[in-house]
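After this come two complexes, each holding chain A, first together with chain B and then together with chain C.
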Partner chain A sequence: MTGKQKKQFWNLIQTTLILIAMFIMLVPIIWIFLAAFKTHVDVYQLKLFFTPTLENFATVFDDPYRLGEKLVNSTIVALVSVVIAIPIATLAAYSFSRFSMRGETMMLVIILATQFVPAVVIILPFFVMFRDIGLLDTRLGLILVNLAIVMPFAIWMIKGFIDGIPMDTEEAAMVDGSSRLQVIRNIVLPMAAPGLVTSAIFCFIIAWNEFLFALILTNKNAVTLPIGLALFKGEEGDLWNLLSAAGIIIMAPMFVLALMIRKYFVQGMTMGAVR
Partner chain B sequence: MRDNTLKYLLVLPAVVVVFATAIWPLIEAARLSFTVGRLNRPGSLDQYIGWENYTWAFFEEPAFWNSVYVTALYTFLTVGLTTLLALGLAMLLAPGGKLRSAAQTLLILPFAMSPALIGVSFRFMFNPEFGLFDAFFGAVFPPLADVSWLANPNLAFAVVVMADVWGWIPFLTLVLIGGLASVPRDTVEAAQVDGASGWRVFRDVTLPQLGPVLAVVIILKSIFSLKTFDQVFMLTNGGPGTATQTLSHYIYFNGMKYGQIGYSASVAWLMVIPMIFLTYAYAKFVFRKG
Partner chain C sequence: MAEIKLKNLTKRWGDFVGVDDQSLDIADKEFLVLLGPSGCGKTTTMRMIAGLEEPTGGEIWIGDRMVNDDLPKDRDVAMVFQNYGLYPHMTIFENIAYPLRVRGVDKADIPERVQKAAEQVELTQFLDRKPKALSGGQRQRVALARAIVRTPKVFLMDEPLSNLDAKLRVTMRAELKHLSRELQITTVYVTHDQIEAMTLADRVAIMKHGVIQQLGTPDDIYNDPANLFVAGFIGSPAMNLINGSVQDGMFVTTGGTRLVKVNTPDRAAAILGVRADDMQVHEQGQGDIDVTIYAFENTGESTLLTVQWGKQRVIARGDRHLRKDQGDVVGISLNSDHLYLFDPETENRIGM
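Our next item is the complex of A and B:
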């Protein structure tokens, strides 16, 4: 083989490997998409071609599953968690980014560390407390606990974005007589806006997909979508066509959101350790 | 207002929230771990019994050691496999171009998928009658044709590991692609001009440069592997028997199903200890950048 042929051959191998890898990564997702449009007869066969139906989507929203209620719960819980977390995190992130404080590193490490504490540790005391004060199976309870995972992410991510904003505009405005709070509102917030939106989307995805807290704290009124998946166990086993339809409702909106922030999600997930 | 006061006021709300939602439960879990702590027995949450829960876990509960073993093996396998496969995929995808950047975009999708749903999807894929992966493995390797994956302890474990690796490869790959981008091109080219083989270039130039990113990825993945709960719950619920019962699942089961809050809090705290070391290691990398 000549050098050129060798290179072409090598390229072909690489392309094939990439296609195989993509196929493996996508096939479980595609399979769910297909199954969601199959009838309950077709879903129990390895069929690639079938007459699609929308019936499953109607069924999951109907009695007794009522996935609509779970959808509302998931949306409210994730949205409110983010709406509480982002402003609080932004103020803290600005301060961590621009000032040096006593014990700053310590505080940042602790905030980072809370992210790594197993959720099952956090939830035990909350379960006991919520049982005593009547917050079990409420959206409020779920929102409060979600802050435990969303807040540290938000602080670290937003800090990363504010670190990237040069300080000179702020300093110039201060010389011109603006107060620090005016600077934050008029200069930092507009410049950090894309970063704030990215962080908000990121936190929304995390809160939306959260499973363990909702599993332990809810059983009827505040059940979220991922917990709702457990509904589709019939007497003859799993109802795969309905599970798949519910799966699409859970994952499709997150796919859209994730594609919007794809450039940033490595930075977000590593809390700034990799940029 | 002076900056000196303001800077503390700005972080105050965040510190309060983090304390209330993450630090307080840790402390309270520690307290509970020294009590009788039965959910159905009023007053037992304030009934202190010293280290009894801990000694119980250590000396009287084979199921505890089983979950330690499951978690350790699970962490070892998932961290190793995910890192290796992601490194390979990152090398393949790093050069860029149409196909490769399209592939990078698609990699976001499994990340956005709820881990619980990943568990469901793998239970689907390995269904003995109409699971796609089940059919595939059966065709490629006939002895596996008639097995019921999730009913066999070892195979169920393998499926849980596969689901985890599948779910985490995309994230690790994207991080490593970022890391590869920062390896200086001229060093690689210089080595190639000097006649170094592809493998030598990788081992002596790329890998050392990638070191810190690789370390970050391995620590982070270890933390997430140790905590694993969602997929396991949906995929096998710890079974068959306790073959796939991770520590998180064991804690959940004892605390919520049997109502032994005190005991499960003690196991939970045992789980926090390795996390402290990993977090310390991770923090070093985060602040190295500063």
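Our next item is the complex of A and C:
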């Protein structure tokens, strides 16, 4: 084989592997996508051509499923968690990044370690605690739990972005006459903005998809979308068409957010600040 | 009125001494250059004055105020950073305006003052751009404009020309000199470029390992070096340092050549310093001694002759029309008005 043929050969293999990987990942999603528009009768047949219907989407918002309520719960819980988590995490991350404190590394490790505790281990104490103080089945309770989940993640991620801001830039601002808070507001926040948006989106996704805590800590009023999926079990088995419609509703924001992340993630942060 | 006083200023990191017990008085309106090799503590000294680095010991006075405990913003200094430290998310205009904005200057006055500073460094056509759309030299000038847009008590400039190409550096050096005369503000200027130091400074402080070796006017430093380090550091090509001894009022090289009359008591070991410019090149037999050319270089404005002198090599400057080749023999004579003797032990100057 000549060099060129060899290259073409490898390209072919690469493309094939990518296609196979894509196929494996996309099949369930395509399946859900098709099922969401099928009638109950059509679902179990693997046909690609059928008369699409929007009926499933109407049904899931109706009694008895009332997915709308769950959508509202999910949105509020995820949004509020992010809105509270990001500012606090930003200040914490800034401190970790710029000040040296006694036991700093230790604290960072502990914060990270919380991420490795399996949720099932701490869910029972949470349940008992929440029952005693009346936070069971409330959005506030879920928000608190989600904060605990996303905060360590957000601190670490944002710290990475702030570490990337050259110290010179901040010092220049201080000499130019800024107080520490002015430095954060005028220099750090704008420069870390792409990172903050990215972190916020990741946190939103985590909170939005959170399943285990919501399953145990809610039962009626504060039920979120992922738990809502469990409703679609009929006497005659799983209602796949409804399940799929709900699945699409859960996934839709994720698609949008994934696109946004791409946009911000590639945006250069510090170009031109230093030589 | 803003003189700067450093009193026994020290900076240590663990066992490592960055700046060692340094005392220095910088007069009002003086342009002081800190000069020294990489890692000698120039930036550290400057950062301590700016308040970006906390001294381990000693005091810093600006005007009649001890500023050790003042925040950088309260010291009223303007600094040009070695790496510019521009604000990448702001336009050039906003960059230059930032010190004014954050210090609460009347909004209506800002555009005019930014414009004036931009004019002084010839940046006016770039005001709408972001830093990343500028060349290194232009960014450097933004950093300068941001410093001169205010009238601070003190300018601190950390190698502000280091990232420019040779030509732009010469232009900017002249611009800086002009600006500093115009603005009349106490300036501390860090560089390891001796030409910058010689041309810009009222006084130069030469540093090594965190200690000031000599403090004086460029003339003093060049013509009256206090020790071997200063002598070898200043001047291009570097001063020739020849090992030998003093016998019967003559300097004798280690090779045994009786070279030149000196006015010192005899001593077993001495180092003679002589600059390339203070040696004359003659035809063979017409100088004090004859030497063989090791390398002949023509720089355009003059010629440099590296000659083999016993075991040592010495550089002499010749006329720009001189044409020789390696292996040729020439005569060399020393200008006895500009010879320096050093003690090899202490490395200090010996009077002569």
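By our rule, the second predicted complex is superposed on the first by the 250 of 275 C-alpha atoms of A that agree within 3 Å, B and C clash if a C-alpha of one lies under 4 Å from a C-alpha of the other, contacts with A are read in each partner's own complex, and residues count from 1 in each chain.
Just so it is clear, contacts are C-beta pairs under 8 Å (C-beta built on N, C-alpha and C of every residue); 3 or more make two chains touch, one makes a residue touch a chain.
Note that the structure is a prediction, hence the values are computed from the model and not measured.
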| item | value |
| --- | --- |
| Chain B versus chain C as contact partner of A:151, first or second or both or neither | first |
| Partner touching more residues of chain A, whether chain B or chain C | B |
| Which of chain B and chain C A:79 touches, first, second, both or neither | neither |
| Contacts of A:95 with chain B and chain C, given as first, second, both or neither | first |
| Shared chain A contacts, counted only where both chain B and chain C touch the same residue | 179, 269-275 |
| Chain A residues touching chain C - in the complex, by the definition given at the top | 166, 168-169, 171-179, 182, 186-187, 190-191, 268-275 |
| Chain A contact footprint on chain B (complex, rising order) | 1, 3, 6-8, 10-11, 13-15, 17-18, 21-26, 28-29, 32, 39, 45, 89, 92-93, 99-100, 103, 105-118, 120-125, 127, 129-130, 132, 135, 166, 169-171, 174-175, 178-179, 213, 216-217, 220, 223, 226-227, 229-230, 233-234, 247-248, 251-252, 255-256, 261, 264-265, 268-269, 271-272, 275-276, 278-279, 282-283, 285-287, 289 |
| Chain A partner contacts - residues on chain C that touch it in the complex | 50-52, 71-73, 75, 77-79, 81-89, 98-99, 102-103, 130-134, 136, 139, 146, 156, 163 |
| In the complex with chain B, residue positions of chain A that touch it | 14-15, 17-18, 21-22, 24-29, 31-32, 35, 43-46, 85, 88-89, 91-92, 94-96, 98-99, 101, 105, 107, 109-114, 116-129, 144-145, 147-148, 151-152, 155, 179-181, 205, 208-209, 211-212, 215-216, 225-227, 229, 238, 240, 243-244, 247, 250-251, 254-255, 257-259, 262, 265-266, 269-275 |
